[in-house]
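Given below, in the form of structure tokens, are the structures.
Across the two complexes that follow, subunit A remains constant while its partner is subunit B and subsequently subunit C.
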Partner chain A sequence: MPDSYKYVGSKVQRIDKDKVLGGAEFAYDFELPGMLWAKLVGSPYPHAKIVSVDYSDALKVPGVVAVFTGEDFPFKVGLYAADRDVLARKKALYYGHPVAAVIAESLDAAEEAATKIQVEYEPLPYSLKVEDSLKPDAPIIHEEMHTYKHAVFIYPKPGTNIAHQTKVRKGNVEEAFSKADVVVEKVYREPLLSHYYLEPWTGIARVRSDGTVEVWSSHQSPFAVRELLSKSLSIPMNKLVVHHLYTGGGFGGKAGLLLEHLPILFSKKLGGRPVKLRLTARENFFYMAQRAGYLIKMKTGATKDGKLIAHWGEYYLDAGAYADYTVNMARAIGLTATGPYEIPNIHVDSFAVYTNKVPTTAFRGFTMQELHYAFESQIDELAHKLGMDPAEFRLLNVFKPGISRTAIGERLKEDAGDPATPIKEVVKMLSEDDEKPKKPWIVRGKGIAAFWKGPFQPSSAASSAIVKVNDDGTVDVLVGTGAMGQGTITALTQIVAEELGIPPEIIRVSPHRSTDMVPYTWQTVGSRGLFSEGMSVIMACEDLIEQVREVASIVFDVNKNMIEYSEGKACVKGEPWHCITLKEAALGYMNPKGVTVGGPLIGRGYYVPPRNVLTDPETGQVLEEGHLAPFYTFGAGGVEIEINLLTGEIKVLKAVSVYDTPAVNPGLAEGQVVGGTVMGLNIAMRERLIYDEEGEYKGVFPEGMLLNPCLTGYLLARASDIPEKIEFKFLGVKQKDAPFGAKGIAELTMIPWPAALANAIYNAIGVRITELPITPDKLIEEIRKQKPELLEQAEKYLEVNL
Partner chain B sequence: MKPVRITLTVNGIKRELDVMPNESLLHVLRDRLHIISVKGNCFRGECGICTVLMNGRPVKSCQVLAPEADGSEIVTLEGLVKNGEPSLVQKAFLEEFGYQCGFCTSAFVLLGEWIINNIPNPTEEQIKEVLNAVVCRCTGYQQIIKAIMKAAQWKREGKS
Partner chain C sequence: MSVGNTRKESAVVLWREYFPRYEYFKVSSLEEALKLKAEYGENAYIGAGFTCLTRRMRAGKIFPKYIIDIKGVEELKKIESNGDEIFIGSAVTFHELKANSLIAEHLPALRDAALGYGDLELSYRATIGGNIGNASPQADSAAPLLVYRARVVLKSLSGERELPLEEFIVGVNKTAIKPDEIITGFRIPHPPAGSKSGYLKFKRSAEDRAVVGIAALVANIKEPSQRTVRLAYVSIAKTPVYLREAEEIFKKDEPINKLINEAVEAAQSKYDMPVGKRGIDLRATKEYRLHLIKIGTKALLKKLIEGVEVL
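Presenting the complex of A and B:
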């Protein structure tokens, strides 16, 4: 950011200060007078027919008001495909699947009654693996798929477990592979993950006597919640108000269809009394959608002069029992197909496949971390096979904005960004201060990965903003985006301050909002919040400034083009003593004789992605010259690591990343980068939802159960786990139609790490790891398979030292 | 089970309460006294976000039985602002962007209070050791560590 900006580009403090000072309110904390509590009861089988539910004992518990089962709500709900029962009907589809709900005057009563519900099940054959779900004799999880309503760009295959397939066909792959000098073919895997946002999902709903439904819940996007509830429950939008309080983290996990329909339906059946459903962390693992698992098959070919010419892939997403966002994620990974490289011949199929696991949904990065883990490993292998430097090989193939076409035939705009410089910068940042490891059984390695991502949204995804001036000259900004910690509301404050030339202290962007009181935005996902809302807010400020100029031109009796606006006032050019301030014009300007000109100042702005187009279902190619996303952020990441050959432990000494975009607030941007780096590396090394996929623990644990729904089993990064050094740069390359040139970064910061780590391991010891997480035991096992001599050597060193 | 009478001083105010013997301090603070900065998540001592200061020491309030807290002095986030003036740790969190979603923030601010009151010149390693008790999913901890370092420095310099 150049110094000419006063507020944009500087470390303006976050505006959500009540989180530190006290009083910040989350849905978790929200209560209403006369509120009832709901508690769910989950299935103890991964796939079972529900024979009967006996809740007579539960109703006897003092304070219990009602018990509901699936049969009380005989319809389906869903995001892109209506595949979900409100409560399991006829059969349960995964271990933990809610089959009944207790509503009581207190949480204690609801909890006690929940233990007294007797459900009789008839277990059915189940599938815990994508490979098993695809077998011809696989148990069909959604027998009624042919009846499901779904979005136009989602292609389910009734009679199978395939919830969606995307195809990309470009050039002639077979011919291209025959011309390739080197080919790498590998299979990559990632397990299901948990978002583990710290605020467990919570929702409170009530139905007013006029039929208006109100809901307060923990979500990312109030308008998406309203749209989904309106469609699934047939409530007109003017009778449905979604209230947004602070959301305690989302990471994609609070973006799709959440559980608001439950308290709403319960409240409706109970005369409109408020009902609260607040999950515990453990319940959140079972009742809320998690991140899909991945099975990625890739074959990539290059010529000996280092040009990528062919790519084939089959990408499978383990969608669990309900696919929510995962169908669109299969579309995202398919259509993106490769990293930020131009390849003329591509053949990719991507699938979302149902299994009897927890439902799945979006996760920070929306498949790009997973795609880049696989593809950037391929790139690294190809470079080694060609005897080329991996960075040089990337630079030979990376997109050239204005010239290159992506896998779907989209021509990148000239100002789309800078894919090349981040790669060079990351190499430079990694090459500083090299040291030798202190022990002979410790080895060092460095690895890099490039990346790109834009928001995967409908081509029409709109946003809007209102900027209004209060009587005293202060300003209120109304936007529809969610505040879940990412800092957008602070950055928007800076943008309004810059546009209107007024200090941030007199501007308020409320962190709380209701859908009937703020203008629309599609969703708070895809790193699009600051970009889309920023564009809308800029337009709203421009609209407001025009209004003040108009008033000034009438008051001073000059042509409007003689009025210039800056620093909160509109003045006659060359006569700076003839001015009207925002405060004076706030409600209309009254002259000394009492005549009032104009009216309350309200600026309106909106943003709809320009020339965004759909893709062809058979080829994945854009239907006309246009774009899939309004921006793409490009970057690269790299790590320097130490591997302990005796224990398999990896220590990340340094994690560096570079982004092409400018940053609106360096303090917020740093938070995103550090948070994304730590999350990405933790996913690379520790996180996984564990299922007994191979049936090794039959008889030890309940079959088909998620085995680690807690923090002693699901390992999050703690303060001591972070890399010794985290360094980053924002290059400040501006996109012309972006707020102050800035593009999204929130998800981008998490993408490169598993790939960079795997490449660093290869660089250190020549061992390729194709499955996450790279735990110490997995690393030792792979070394034993691929390079056993390394372990023998290491053990010898130890003997000498002892 | 019969209720037990206990006395707590919460953020300087003395409270007498009848609690159940198996009731957690977390339950008392959140559900009886409605102190919403004290958050719950795992209820089994893993996440640490229910941390409060009990007689100046950080405890995971879900792991303390209410009768155990009898007679103690409890400080939560709400108790740190004195006469409208935030504490050094709070000021440092604001300056260093030491928070994002805010759900774990109160726990980290309170750990910061304990650190600067007990380790005058803390190293990064010492701070990390203490912070390991609480989990944060947003920040990656670095700006939290910087904030606590800064607050400790301010305290050494005699800033208030």
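Presenting the complex of A and C:
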């Protein structure tokens, strides 16, 4: 492939602007004739036996069609671990757990009736903390775990609250620690988080007269929704159509099985009438899954000369009441174990642990932000203990593609990327200006973090694409990847334009995907969309070009290898007057005598990761030479901050990041970088779902309730919180089997920030923060514990001179 | 690990999209509004900017049957001075407070509060009357109004009365207003000649309500007997706090930093954010709020006394 392209690599303007212009249609707004509304009611206890449900009064409300409870649906649904009740059955597992649903002709009637449902409970002991769930006398949240279906690589522990455990064993850790000159042992924590996508989850379902179940919903991955519904509800896939509209954000929270099964099951019981379930923003906090909390214990050892030699870890994910997707996240963090560094001796266990909190699921970064927050803090501490420059220390240990083996024994390919250069670049970008703050109670610091990530997917995760030429020579592209605003539509258009040598204006990638109309793709997750769909589209274009060449070779009666394709036409070599254009060949080429050669042009392409393999359950090592993911993107991020020692407030002056990959569309990539930086920094500084883990709010709030299910309590970044300087670079290091050499970036852009921030704080004042978010109150508390003299000095500047 | 109640109970939690139905009156004169208030009393809510009213309705906390929209009443939008007192109409928005020259010249602490209001877009709607009428523990304008000794002007068909702000706000979202009354505005004596005043607000993000808000007014600082120091706080207790003790503390002829420390301690003792580590509003820990009372009071007084800006 040439190094300069016509369309790929340039800032083609975003094609799909419907969202910004208010013209996008969302499931939230979608209605069908004769549609019914569903309303859920939740448990007021974090853990309670459901003794009885009385909905006789609810049924009397005019317009009410039915009320359903858990007993109406006596089976479980789920993907990696089918642990979820349709509606709570026998027990409610968290505050807000849906226990019943009202279906009515109008939303008003449904809500009115919902107030009249009476449920009798018997409260049970509950656990709001991983530590509590692991105690021998802990209340068991899923007593019937032994009966749950789960994926082959998930290892639940029935009789406990452990939904999954991943083990990674390599070398001899004990021996290695005894040889280590420095050891750092710490515990890191992150709270549960909300994805806070703007469109609350909504689903509408109906059953057609031929028995086809149709569902329109707010999701990331139409085919994953179909697979899960088909398995969970035993509906054959040809009788199940999932419609993908524009999705108002997902960030992982709309991957996997959401709540589609509810309107489907309701509709099935009501003669197929369409049923809509639309969550309010507040309900979305309780009925949809959130991001797990993290408790990460790490011990890492290095030698005097700066070599990492041993790592031990226990990584716990607080999975909440349902761990369907979080079990696979526990697997991801375990298998990635040590960040982008080669360590010969590793002993890591990772767990997904049930608690009586809201259920949890995937989140942008799929545990990599959390892993790197902990691991990059360890690295920083070790460097300081060794008296080494933190960047130098990283460079000594970072993976060397073609040589290094990862924690799971995977040998990185020669062209896997460039883990080292981003670290060097970030250091350079940070140190360009070295101004001192003017006020003595304000101190500056810089911190960096390296990172890597690939898509965590089943080894067989496939994608496919269809490229069709229309009668007028324009092109339609069909793919199955979701459109949530990430920019795939524009980037895929660029790739098709480049491949076929035609202008982007005559290509259309449809934003809507129905599973019966577009080709399969596994999921829209893991920063894999452009990579996997890009590969599929390239193959589809090549297929199409072959077809045009075939036609031309017949028409001009020459050998096919005499036909060259470029710029939208197939010509005989050296005879530019003997050409057939895409338009002429679109439906088959008709010669002057009326004879038609070929037929409608449809190119087909697919992508399946080559040599992706599974890992051994006891050691976490790859079962044979192969890979966990089809690509890994490497990078580093850094921040320069100012800390106000009086208030504990942190101002991010500059946030820089570097990625080893090229960008198919640098403009859209910039959008990802800015968005990811803002999100990552806000997670570092503000976001948390608050539970009363210590029992301080008893008698004030209902027990076990999520305390801040709204935007005044859950702080998203506001415009004025965005750092003024966000700088970035794409290095353009190409992977051979990647679309134009490009790897995924979407999640990568949010990974390094909490680690970089914590390291910058340490760099500035020697205070180590091991728990997110780093709010001003926490920072002041930690300064008071670790460096009280700093506070005392700063407060002297407040004395009044009269 | 906690053990729940062993009592059996019949209940569910429910979050509704439902919005109370109400009858809406858009009035163009105070007279009209007062008549409606006289007729409907408690069932009629005044709406000015609606930034709190609609939120509380959506949260199912209030269910107005009637809403009287006073946004368009010109006489409630005045800011004027008669030489002794400044009158601020209740329907004056935070944006108008920011932009007004009388406020900038005479009531800088109120201007600071308007500048610090938590949402730029909403500052064009949110009014000072609504801010006080809502009586939230975080009401930014309350602290400056307290140090300026503002009186709330209340009107009904049967007449007008005035209440000091301290007596007007009686609890979380509770005021001493009568069912037929409307806040027409605030009367504020011109601050003492040569006085300096300001408001300092701490927040969790660039746009947020106060974690702690502090207003101060300082005059004749050099002469203890003549000295005036007034301090008021929001977001440290269930209602805004006027620190009456400060008036006496600063009259003492002792080193100023000692007096400031004394005032800080007095203010800290007013902390009353009901329960839990972070206070009922979850905004910050108690320790941190006490810390901010200290840091903020000192920084604000230093700025007003020395002209040195620390925070």
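Side notes on the structure shown:
Here, the second predicted complex is superposed on the first by the 794 of 802 C-alpha atoms of A that agree within 3 Å, B and C clash if a C-alpha of one lies under 4 Å from a C-alpha of the other, contacts with A are read in each partner's own complex, and residues count from 1 in each chain.
Please note the rule applied: contacts are C-beta pairs under 8 Å (C-beta built on N, C-alpha and C of every residue); 3 or more make two chains touch, one makes a residue touch a chain.
Quantities reported herein were computed from a predicted structural model and do not represent experimental measurements.
In the superposed pair of complexes, A:T115 makes contact with subunit C only, with no contact to subunit B.
After overlaying the two complexes on the shared chain, residue contacts for A:Y607 are found with neither subunit B nor subunit C.
In the overlay built on the shared chain, the residue A:S720 is in contact with subunit B and with subunit C. Of the two partner chains placed by the overlay, only subunit B lies in contact with A:T677; subunit C stays clear of it. By the document's definition of touching, of the two partners only subunit C reaches A:Y95; subunit B does not. Residue contacts after overlaying the shared chain place A:T712 against subunit B and subunit C alike. By the document's definition of touching, neither partner reaches A:F73: not subunit B, not subunit C.
More subunit A residues lie in contact with C than with the other chain of the pair subunit B and subunit C.
Once chain A of one complex is fitted onto chain A of the other, the partner contacts of A:T280 extend to both subunit B and subunit C.
Subunit A residues 280, 282, 712, 717-720 lie at the interface with subunit B in one structure and with subunit C in the other.
Only residues 1-18, 202, 204-209, 221-222, 256-257, 260, 274-278, 280, 282, 284-285, 287-288, 291-292, 294-295, 298-299, 301-302, 305-306, 310-311 of subunit C touch subunit A when the two sit together in their complex. Considering their complex, residues 11, 13-14, 16-17, 19-26, 28-29, 195-200, 246-249, 251, 280-282, 484-487, 667-668, 670-671, 674-679, 710-712, 716-720, 722, 726 of subunit A touch subunit B. The residues of subunit B lying in touch with subunit A in their complex are 36-37, 39-44, 46-47, 49, 76-78, 80-81, 86, 90, 93-106, 109, 127-129, 131-132, 135-145. Taken in their complex, subunit A has these residues touching subunit C: 39, 41-48, 51, 54, 95-96, 99-100, 107-108, 111-112, 114-115, 117-129, 132, 135, 138-139, 278, 280, 282-283, 286, 439, 441, 644, 646-648, 686, 690, 692, 694-697, 699-700, 702-704, 707-708, 712-713, 715, 717-721, 775-777, 780-781, 795, 797-802.
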